[in-house]
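So that you can tell them apart, the chains are marked A, B, C, D, E and F in the order they are listed, and the count of residues begins at 1 in each.
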Amino acid sequence: MRLKVINPNTTASMTAKIGACAQAVAGPGVTVDATSPRHGPAAIESHTDAALAVPGVLSEITAGEAAGYDGYVIACFGDPGLKPARELARGPVVGIAEAAMRTATYLGRGFSVVTTLSRTIGQAQDLVDQYGVAASCLGIHACEIPVLSLETDPHAKSTILQACKEALATDGSDAIVLGCAGMADLCHELSNELGVSVIDGVAAATVAVEGLVRLRLTTGKLGEFALPNTDR
Amino acid sequence: MRLKVINPNTTASMTAKIGACAQAVAGPGVTVDATSPRHGPAAIESHTDAALAVPGVLSEITAGEAAGYDGYVIACFGDPGLKPARELARGPVVGIAEAAMRTATYLGRGFSVVTTLSRTIGQAQDLVDQYGVAASCLGIHACEIPVLSLETDPHAKSTILQACKEALATDGSDAIVLGCAGMADLCHELSNELGVSVIDGVAAATVAVEGLVRLRLTTGKLGEFALPNTDR
Amino acid sequence: MRLKVINPNTTASMTAKIGACAQAVAGPGVTVDATSPRHGPAAIESHTDAALAVPGVLSEITAGEAAGYDGYVIACFGDPGLKPARELARGPVVGIAEAAMRTATYLGRGFSVVTTLSRTIGQAQDLVDQYGVAASCLGIHACEIPVLSLETDPHAKSTILQACKEALATDGSDAIVLGCAGMADLCHELSNELGVSVIDGVAAATVAVEGLVRLRLTTGKLGEFALPNTDR
Amino acid sequence: MRLKVINPNTTASMTAKIGACAQAVAGPGVTVDATSPRHGPAAIESHTDAALAVPGVLSEITAGEAAGYDGYVIACFGDPGLKPARELARGPVVGIAEAAMRTATYLGRGFSVVTTLSRTIGQAQDLVDQYGVAASCLGIHACEIPVLSLETDPHAKSTILQACKEALATDGSDAIVLGCAGMADLCHELSNELGVSVIDGVAAATVAVEGLVRLRLTTGKLGEFALPNTDR
Amino acid sequence: MRLKVINPNTTASMTAKIGACAQAVAGPGVTVDATSPRHGPAAIESHTDAALAVPGVLSEITAGEAAGYDGYVIACFGDPGLKPARELARGPVVGIAEAAMRTATYLGRGFSVVTTLSRTIGQAQDLVDQYGVAASCLGIHACEIPVLSLETDPHAKSTILQACKEALATDGSDAIVLGCAGMADLCHELSNELGVSVIDGVAAATVAVEGLVRLRLTTGKLGEFALPNTDR
Amino acid sequence: MRLKVINPNTTASMTAKIGACAQAVAGPGVTVDATSPRHGPAAIESHTDAALAVPGVLSEITAGEAAGYDGYVIACFGDPGLKPARELARGPVVGIAEAAMRTATYLGRGFSVVTTLSRTIGQAQDLVDQYGVAASCLGIHACEIPVLSLETDPHAKSTILQACKEALATDGSDAIVLGCAGMADLCHELSNELGVSVIDGVAAATVAVEGLVRLRLTTGKLGEFALPNTDR
């Protein structure tokens, strides 16, 4: 089984980190290739960033189809391009926000999301509503660290840890969902320190799409998600 | 007052029609300029089409800001790029789906949408949910005419008329919302033949954004819709 | 175009203020006449006040129909009598609460309502739910100034300004909706001091109904909102 | 215990029927007085009818308070004036629509409403939403008999019976809610012929308000439903 | 009329208290018998407790059917076994949580629940959602007294009173719903001290089921709640 | 990794089938043991059946904890005992209804459920609402085959196939969810004949719980799902 994990931003160090986290949770015999678009925003922190990242994501899907991948992960917490990607791919496509949040619903009454900048909270709330997890999402909390600073700020982990603690106390939640692919490498450390499950969407989505492929399940192609007409 | 109406697809004849319909309802002293992106899909009939149209829409917004427009209309029923456009523009931005559906809520208990292809119904339903009009939208009906055939199919009007009649009978609705900018010119004829209000989103959005400008109202710029950071 | 703006309470000074605010935003060639019932409560601060104001509102509609008005505004934030008015009028009827809240949905993620007495918050919440703006209404805040004191309390504006500031900080909203027609004259001052859009329902409803008339749209008259049977 | 049952319309024969049905279900020692306003519509079949009936309903409440009643029933399926009545009365006030629908929720998964004219369906739907029974109300069906014809149409019972049968078959419901006080006397006959529970709101509300009085429960008077200020 | 009130836990002193509270509100001529299962948990404070109590509750229903009872109350705030009990009984079955919360909806805009341990709040929230009272339930508050300590803790009443006061202040509610059958005897005292209606579910459910029997209403037996097939 | 799959009914042939289907999708190195309670209903077709199966399910969980299993599947489409099982187990517990329905949400706009008897539709609808998949569940359809007849009725597969075809046509869905563990072995055949994804909950839940264990995620144990107090 070959899975392609697409980092929608163009920051290579983040793509490498995402790939490592995805491969680490993939099952025996599963190959994970991590890529990112050649052009597009270096980080996704606004609706504009997300919109401008989508064409690159879709090019990666199209290239992936030519290369015969079995399934795809879109590794940005806004799940940019998820619906068009489902039109273009034969195999299943999973976004890290949907995977993280749906996985969290197995773990108790509810979860808290801890994300980067507060201006992205609205976008996360939109996804919560779309994915039907509004009753389970007990709060969305920003730690106010920009995406690219996750890799450079020496206090990033402690700031996120503190935001997680406040989220658990405020929301009474059963688990934490990390709201950015750039936090993927902190997942187990945070979980150990907090004493609750912490869900990294990259790992959750990789496991989810591997499961879909193993179950031979894929996007319905008879209606809304049929291959788009490009013959105009 | 100068308004810019953006047709997200690249079909010039549709841009011209949209511009004429918008100007026809604009108030005295309001100038309406209709444009479309230089590159992008010729019609928007899938999630992929919509996604690939957005960068061009945003370029038109950016150009519009340089030119000093007071407000914008995004003239495709999927409202592609509406949220990022609100980040980029100082003045108000209105999508034709939101304007058509919100306008329809003033007219009674509920409305029916009559749109082009059935594969777009899911996208329309998403907008219904996002805009809070689920209780008012009593049905979404496809007439199965592709967007570009609206201009060439000699039976287009009668097919749409029939779909409207069936929608009214099935849904018991108080008004019809036309689900494609390419139907804008049929609005008054359909209304006369049906005996109920028929809402063209291009007209509704033009009137809505003119109203916002007149009321000196614009997008909140202190949080989610602040100008995006492009300094990375 | 001739519009009739009905102040549901019987306080003449408020009717005059409402009429001035409505005329100020009406387009060229639009005449606005402001009236109020001859009998009824002097202010509307309870469910009882609202209920007792409705017969007078409906008499004004009936008189307006005889006089040939093109559209109507009901200028009290509880929108008293809106549904029966839609039965009685041929042209469109718009309430100031619905217009203010729907207009606010064009301006970002959400708005806060700042109203008079806390005992009216429940009624405002009912309208929020009916109008489908529950996801956009981020809070309803009372400034505890009775309606008639809006015109006599020398601290009214500063008290309202303070309530608006607290609402913005608490709710993280993109705009303020003023929850009483008696606040209409404060709209632009408050907006200037707060740095966000402030929506007066009288202005919003006047612009909305003018737009409906211009678009030749009116209440569906084939079912629920047909002229009522009075021949019993 | 003394209960006052208010028929909001002015048709005396209907008031007598309502009074008899209410008294028939009241417990030992409970006195039921049925009244109707002196002025107002003879039947309630539109939003306008309902609005114009409310002042008379509230006068009956005020008179009832002077006479020392322990609780009230508003005996029209639109529950006109329910909220203002709760402001004016010390004891509990129950509407027949809320009582019928809430009572029906004890009887299984869901119920169907069978009402008079189809133009009232929207109003019934509004109440369903307000009372939180949307998941339980599986359908609202009109039998197209005007209110006053319930007493004169010789086929009324068989027409209603047929509408009930169709409702049960279509909705798969566990019970029927009668959507008009004028159907109160048919309740047991219909139930016997249909083999399911049939709920008359007059009876349900009488039993409900008797229960509230017995439990010493009444409207909260510290906020929204405090006695309204009439000292202006 | 003979009613059977089933205490789902096996603590005899609580059964006695519940029986006394139920008989105290039953109408003239109504006999109330209180029982509890022979085996099962001594208190219900977890999902496990609730699940293990259900077989005993159902045995009591089956025994009740043999004895010819007219209706049943399930006297634990989680309403354990309510749906299967409705399958097994011919007459109506009412849970104390549903009765308390539905009764509270007659009393104003909303109520607060005051319950025992915070770990039960999720279960109460589930019931709020199932019963359609989410808009009316303004808060659920734990006083952190275990069920069995309600009878032994000398400070139980004052702790509960304090929790009620905080709930009213926080939620702005019109009434208090007591979230445990073990609080039944405190109802009137708390109401007197708080000045608002306090609803004990045992009393509310007894009155509700008595009303259903008097109205000749019972569970729909044609579908989901038909007698279960035990012939396998 | 060792997983325990619990068939809540006592029919051994069904337990064997469930075990085979679960093992077939488990990853390399994952051991699946299928068991069922010693006592309880032979099939689960009513609320009573489900309730009476739960104590046996919980005994299997308790025995599983003693034996050191890493995770559990509850293999009945009503997910009986899921919440108490989460209290009792250290590792994750997944029900087949939640897994099937959540898995289906990755595959497009929506799914249809095809289940056994129509009297179970209400229970499935309850789960749809609890799991937040109401927008994705486009219909629930009964094929009217009793659970135990799935193994003996020679027309079972063709009857289910027909029900699936009707569901797809009526609902316009992207996938089928099989509503009974007893249909697990038909999954791939049905999918091949229908040309859409068909989801067997046993397989979906096995893959889901294996994923949770691999991701080191488990139920939150600090609040509602802490080990229950049995020390009374």
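Criterion: a residue touches a chain if its C-beta (ideal position, glycine included) is under 8 Å from a C-beta of that chain, and two chains touch if they have at least 3 such contacts.
What you are looking at is a predicted structure, and each value in this text was computed from that prediction instead of being measured.
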Seminar exercise, completed: Farthest CA centroid from chain A: chain D
For this session: Could you say what rotation angle superposes chain B on its sequence twin chain F, using C-alpha positions and rounding to the nearest 5°?
Result: 120
Problem set entry | Distance from chain E to chain A - Cα centre to Cα centre, in angstrom | 44
Exercise. For chain A and chain B, what's the span in angstrom between their mean Cα positions?
Worked result: 31
Exercise. In angstrom, rounded to a whole number, how far apart do the mean CA points of chain B and chain E lie?
Worked result: 52
Problem set entry | chain A: positions in contact with at least two other chains | 86, 109, 122, 129, 135, 223-225
Seminar exercise, completed: Touching chain D in the complex, chain E uses residues 25, 27-29, 86, 92, 94, 98, 102-103, 105-109, 131-136, 172-175, 188, 191, 195-197, 199, 203-204, 207-208, 210-212, 214-220, 222-225
Problem set entry | Residues of chain C defined as touching chain D within the complex | 41-43, 45-52, 54-55, 58, 81, 83-84, 86-88, 118-123, 126, 129-130, 146, 148, 223-226, 228-229, 232
